[in-house]
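Note that the chains take the letters A, B, C and D in the order they are written out, and that residue 1 is the start of every chain.
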Amino acid sequence: MAENLRVAVIGAGRMGADHIQRLHTRIHGAEVAAVIDIDLDRAKAAIADIPGAQAFATAAEAYRAGGINAAVIATPGFLHEQALLEALELDLPILCEKPLTPDAASAWKVVEAEQKLGRKRIQVGFMRRFDAEYAQLGGLVRSGELGELLMLHCRHRNPDTPAGFTNEMLINDSVVHEFDVIRYLTGEEITSVQVRLGKASSKAPAGQHDPQHVLIQTESGVLADVEIFVNAQFGYEVATQAAFEDGIVDIGRDAGAYLRRAGRWGGAVTPSFIERFGAAYDVEVQTWVDAALRGEIGGPSAWDGYATAACCEAGVEAQKTGEKVAVALNEKPALYGAAAGGAAQ
Amino acid sequence: MAENLRVAVIGAGRMGADHIQRLHTRIHGAEVAAVIDIDLDRAKAAIADIPGAQAFATAAEAYRAGGINAAVIATPGFLHEQALLEALELDLPILCEKPLTPDAASAWKVVEAEQKLGRKRIQVGFMRRFDAEYAQLGGLVRSGELGELLMLHCRHRNPDTPAGFTNEMLINDSVVHEFDVIRYLTGEEITSVQVRLGKASSKAPAGQHDPQHVLIQTESGVLADVEIFVNAQFGYEVATQAAFEDGIVDIGRDAGAYLRRAGRWGGAVTPSFIERFGAAYDVEVQTWVDAALRGEIGGPSAWDGYATAACCEAGVEAQKTGEKVAVALNEKPALYGAAAGGAAQ
Amino acid sequence: MAENLRVAVIGAGRMGADHIQRLHTRIHGAEVAAVIDIDLDRAKAAIADIPGAQAFATAAEAYRAGGINAAVIATPGFLHEQALLEALELDLPILCEKPLTPDAASAWKVVEAEQKLGRKRIQVGFMRRFDAEYAQLGGLVRSGELGELLMLHCRHRNPDTPAGFTNEMLINDSVVHEFDVIRYLTGEEITSVQVRLGKASSKAPAGQHDPQHVLIQTESGVLADVEIFVNAQFGYEVATQAAFEDGIVDIGRDAGAYLRRAGRWGGAVTPSFIERFGAAYDVEVQTWVDAALRGEIGGPSAWDGYATAACCEAGVEAQKTGEKVAVALNEKPALYGAAAGGAAQ
Amino acid sequence: MAENLRVAVIGAGRMGADHIQRLHTRIHGAEVAAVIDIDLDRAKAAIADIPGAQAFATAAEAYRAGGINAAVIATPGFLHEQALLEALELDLPILCEKPLTPDAASAWKVVEAEQKLGRKRIQVGFMRRFDAEYAQLGGLVRSGELGELLMLHCRHRNPDTPAGFTNEMLINDSVVHEFDVIRYLTGEEITSVQVRLGKASSKAPAGQHDPQHVLIQTESGVLADVEIFVNAQFGYEVATQAAFEDGIVDIGRDAGAYLRRAGRWGGAVTPSFIERFGAAYDVEVQTWVDAALRGEIGGPSAWDGYATAACCEAGVEAQKTGEKVAVALNEKPALYGAAAGGAAQ
């Protein structure tokens, strides 16, 4: 049997802790070798039940201690650039939570650093590509069996937001998933973004205008609207309807047991992204491990991270104006192939 | 324009009052000429907003007063026989609420009386045949496009029962509809009935064992199970699943607006048979009026009333034994054609 | 019993012929007295089975012949203005198929003419207000039980279009229904319309850009997007999803029998607006008849016709620019009450 | 980290090969140490990609070779007794595919052998207990929030059957799952089984009467009907509807993307038990491994295997008579606790 991936997980917050447990209990071919968190106690707590793992305050210390051959980055976005460049310097296979970095300029620096290595080392954590229904919809687009894809209608609803969730984070943390998914489904780059604010919910905290209406267009003209509504109260929902020339497809419908009682039929709404996309995270990480053990990188690339960062920049500007804002991209390096979105794996 | 049907409605209780309003406000080609109820005040109340209609305590008086050329019978079942024979004597087109009569022997007398007239004069109120989804399922059976029909699974659930609803009435008033529908869908007579009582709901009133499990077989061997559950609390539901050689069909699914709120997805359950079958009653009565104006009778016949009365007798006996009870029928008079269930119209 | 409405139906094309049959066979309290069509043979054909009705080439002749006390206008839209003014002159209760007139200026003339009469005489044929699910959604908005309505997502899909259906007709004949429905649901006027063309289907005939994306805003800021797709091939669909502060509501979902066969689960798509809105048309016309017999007019008013005509003008301009176009309205006459959309009846 | 479970998989047919791949690629804490098949080439093929695993023609040889501390039994049912007794002799933790053994007498011998060891060593492969929706339904029963469970309606449909699938196998291989699930959901033993044959599909091979109607009763009187239909053509479906005092619950509904095209709405039917229960198998095996590493056994026990074997015997007899056949059980040994079905884990 090949040697396991010995992973340094950088960041032991909510997402990091999740990945640590995933690697430890559900993923084959990898083990948690080190956990890095500036809050060293949090790092130690995260490895309490993992014999053989070590805790560090910085990635540099962990790398010096040795025995690491892969990195998962799960810090807040503004720390990604440094963590990525350090890991690239060691030529490690990297799984980086989205966003790649918070803006297009810094994302481009990462793309350039990876270019120098001459091969892909970074997979970005757009886990929806690993969700069975998104994959099914992507397959329908590529098969052409319903004709051309013409329009997408996306819903992205959270029950509420954590403290400190700003107006820009509706774009940078939430719609960023739709940016990637639209690129993945159409296989095209996004050319413009419009944001209209509309009537606001009284349930939104001060400083947030919620919901917002985002209208996105791709190279061939496909229009995608997004309702981003992060204080929707009732539950969590991520759903997409696709209009093709010869049919309509819905994914993300409610599922589970069906009850009739006290005058009502129906079932339980998904409470959070954990239940909705837990399986997709598992597939995402296993895919990354399997490729890394073969010396490869698949899934969403640093280019995908850069291109969505550019969309986010345009989206935040469009929030202010209500107008259509063009998305400008550098030329795509050959390393990242021809298609915009590409396949999940 | 042809002369309107001038209808005597016999019985001004819940069902009678319903038919009076239906004839007065939604049905073309008919008007309420007389309302008969032994409680004369109730009869008068029922025609308060109908100029030209008259109230009587007995059908005989109404017929003597003249001007009547059709009858709708909506009294309690034990009064049907007399009302039917009186109206047949006058050769009137009759719409008789189910059951034709409460037992097979009296139903057979009605069949014999109609036989003497040499043409069909009675339509029995099995309104489900006029429901769009039952009609669609019946069409699928007759088309053969899914192969042979093999099994039926029927659910008949009421939120609760009115005072005085006895254990026998689960068969005679509720399952009687399934007896007719199974005959209609298969085009065959029912050959046996088994009733198993099982675990009872604590919500059922004293004297009622609810729910019950009824297992019915037809001439060619088709098995149909019925859950009859008349204190099901949550709402009203009549649904059927049909297993064919090449596919499965469900009718009677929940409909209407779809809500997501407070952790739940779903909609409102149908509260009663009024909402579920209101449109079917309208179609039923209009069909009867249209045929009567042409001098004809369509829809479920006196034979259907007799055959289901025989099934009910077997069902009530089966309630007592838990065993399979055979259904015995007299030979079918030529007047009623070949098929058991026949088309709705 | 009150005297029946004796209706002149002006226009014996598809919609007119439909209304003639509806009035003749399903509507109480009204009869077809005259059918007017410039193609006199078509008018005669439409009354072939209606004893007592007369055919005319012009409304003026019909009115001179006498015996008419109500008018249904079902000619092409560009002929509505004259037909409305003639009928208003006679103070007739009018049911006018949508649009009231094809542009805001001519619609305003009709509003002014009705003003002079000092009471409402015109109901406009926006039948969706009489559809049970739209009414249910409107009730949910007004009840406030889900908090404020924030966004609407509308789908309006036809399998294909008749010859001669122009690009402007996507707005004037199709989206006009959404304009009315959005006003009805929100109880507010529309303040702006944006139209984005996006990627076009190869199934659209020359001269049509199909589908189109329409983004509408109302006085309080509610945003409504519309996918108008009139060559959608698969079938007919009119559906709306409403996002409230405390929940989400969908109407217009697929219904009917549920089949599983040959690897597929599902049912039959609605083939056309006839099946989808047939019952709503019946309710609409019956509501108009009932009110007219009481000397009143309910339902969508001439103001609703004028306001939607102004939306259509803005929409057609927005088709050309892709920009947000403001909708300008005259001051609302007191005759039409306070709310924009108002109740259906 | 604790030592891995080193598993001998006995039987390398369809189910065995499945478990081998599952243990090798998706299950934590276990590895395939040996594969035993009387067809040694098949055993060798099954371990081709598993370094360190060895192939044997008999379990005895494998045990003699050493290094094995757990057994998975996936041979045909008639070979289970011997394989179980051999593994019990070595005190190994065992996961035995259903049925435990093909008849109640041999199953009881296994129960007695386990009794002598004084602790549970056998988990039986009733994987439905590990399916999320069955678990949810079981939770609803135990919570009592819908009142008492009164009736169950079960559907078990396969598209077709492999060659050699006999009439008795409809009970022994298919309905056996419902026997276990009904015991699990009610927490009670089954007291009687009735089988009615009804109308047969022309798609069934010679010697099979398909579908069949099975009516089952439990200690407290709960009635459960099963449509077992193993040549249902359209696809695979396992679904249950539960009627409670205060509501109705459905599990096993169709899922996945929702398409509208060419006049049809709907989605793809599940093609086989692999897609329907693949995740449940993973959970089942992981649960067994986790318990075995702690020296325990959870999940369905040898008693469950014995009790369902007794139900199968009654079922096969009931196939012949069409009558209700009582299920007789030996007294339950204390080792297996009080409840009949018990929790999944």
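Just so we're on the same page, a contact is a pair of C-beta atoms (placed from the backbone, for glycine too) under 8 Å apart; a residue touches a chain by one contact, two chains touch by 3 or more.
Predicted, not measured: the structure shown is a model, and the values here were computed from it.
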Handout entry: For subunit C, the least number of touch steps when starting out from subunit B
Key = 1
Fill in the blank from the handout: The chain whose C-alpha centroid lies farthest from that of subunit D is chain C
Fill in the blank from the handout: Per the C-alpha centroid definition, the whole-Å distance linking subunit B and subunit D comes out as 44
Problem - Separation of subunit A from subunit D, taking each centre as the mean of its C-alpha atoms, in whole Å - result: 38
Exercise for the section: Averaging only over C-alpha atoms, locate the centres of subunit A and subunit B and give their separation in whole Å. Expected result: 58
Completion exercise
Among all residues of subunit B, those touching at least two other chains are 233-234, 237, 246-248, 259-262
Handout entry: Of subunit A, residues touching subunit D in the complex
Key = 1, 25-26, 28, 51-52, 132-133, 136-137, 140, 146, 246-251, 253, 255-262
Exercise for the section: Going by the contact rule at the top, pick out the subunit D residues touching subunit C in the complex. Expected result: 233-235, 237, 254, 259-269, 271
Handout entry: Complex contact set, residues of subunit A against subunit C
Key = 147-151, 153, 157, 196-203, 211, 213, 215, 217, 220-223, 225, 227, 229, 232-234, 237, 241, 243, 245-248, 322, 324
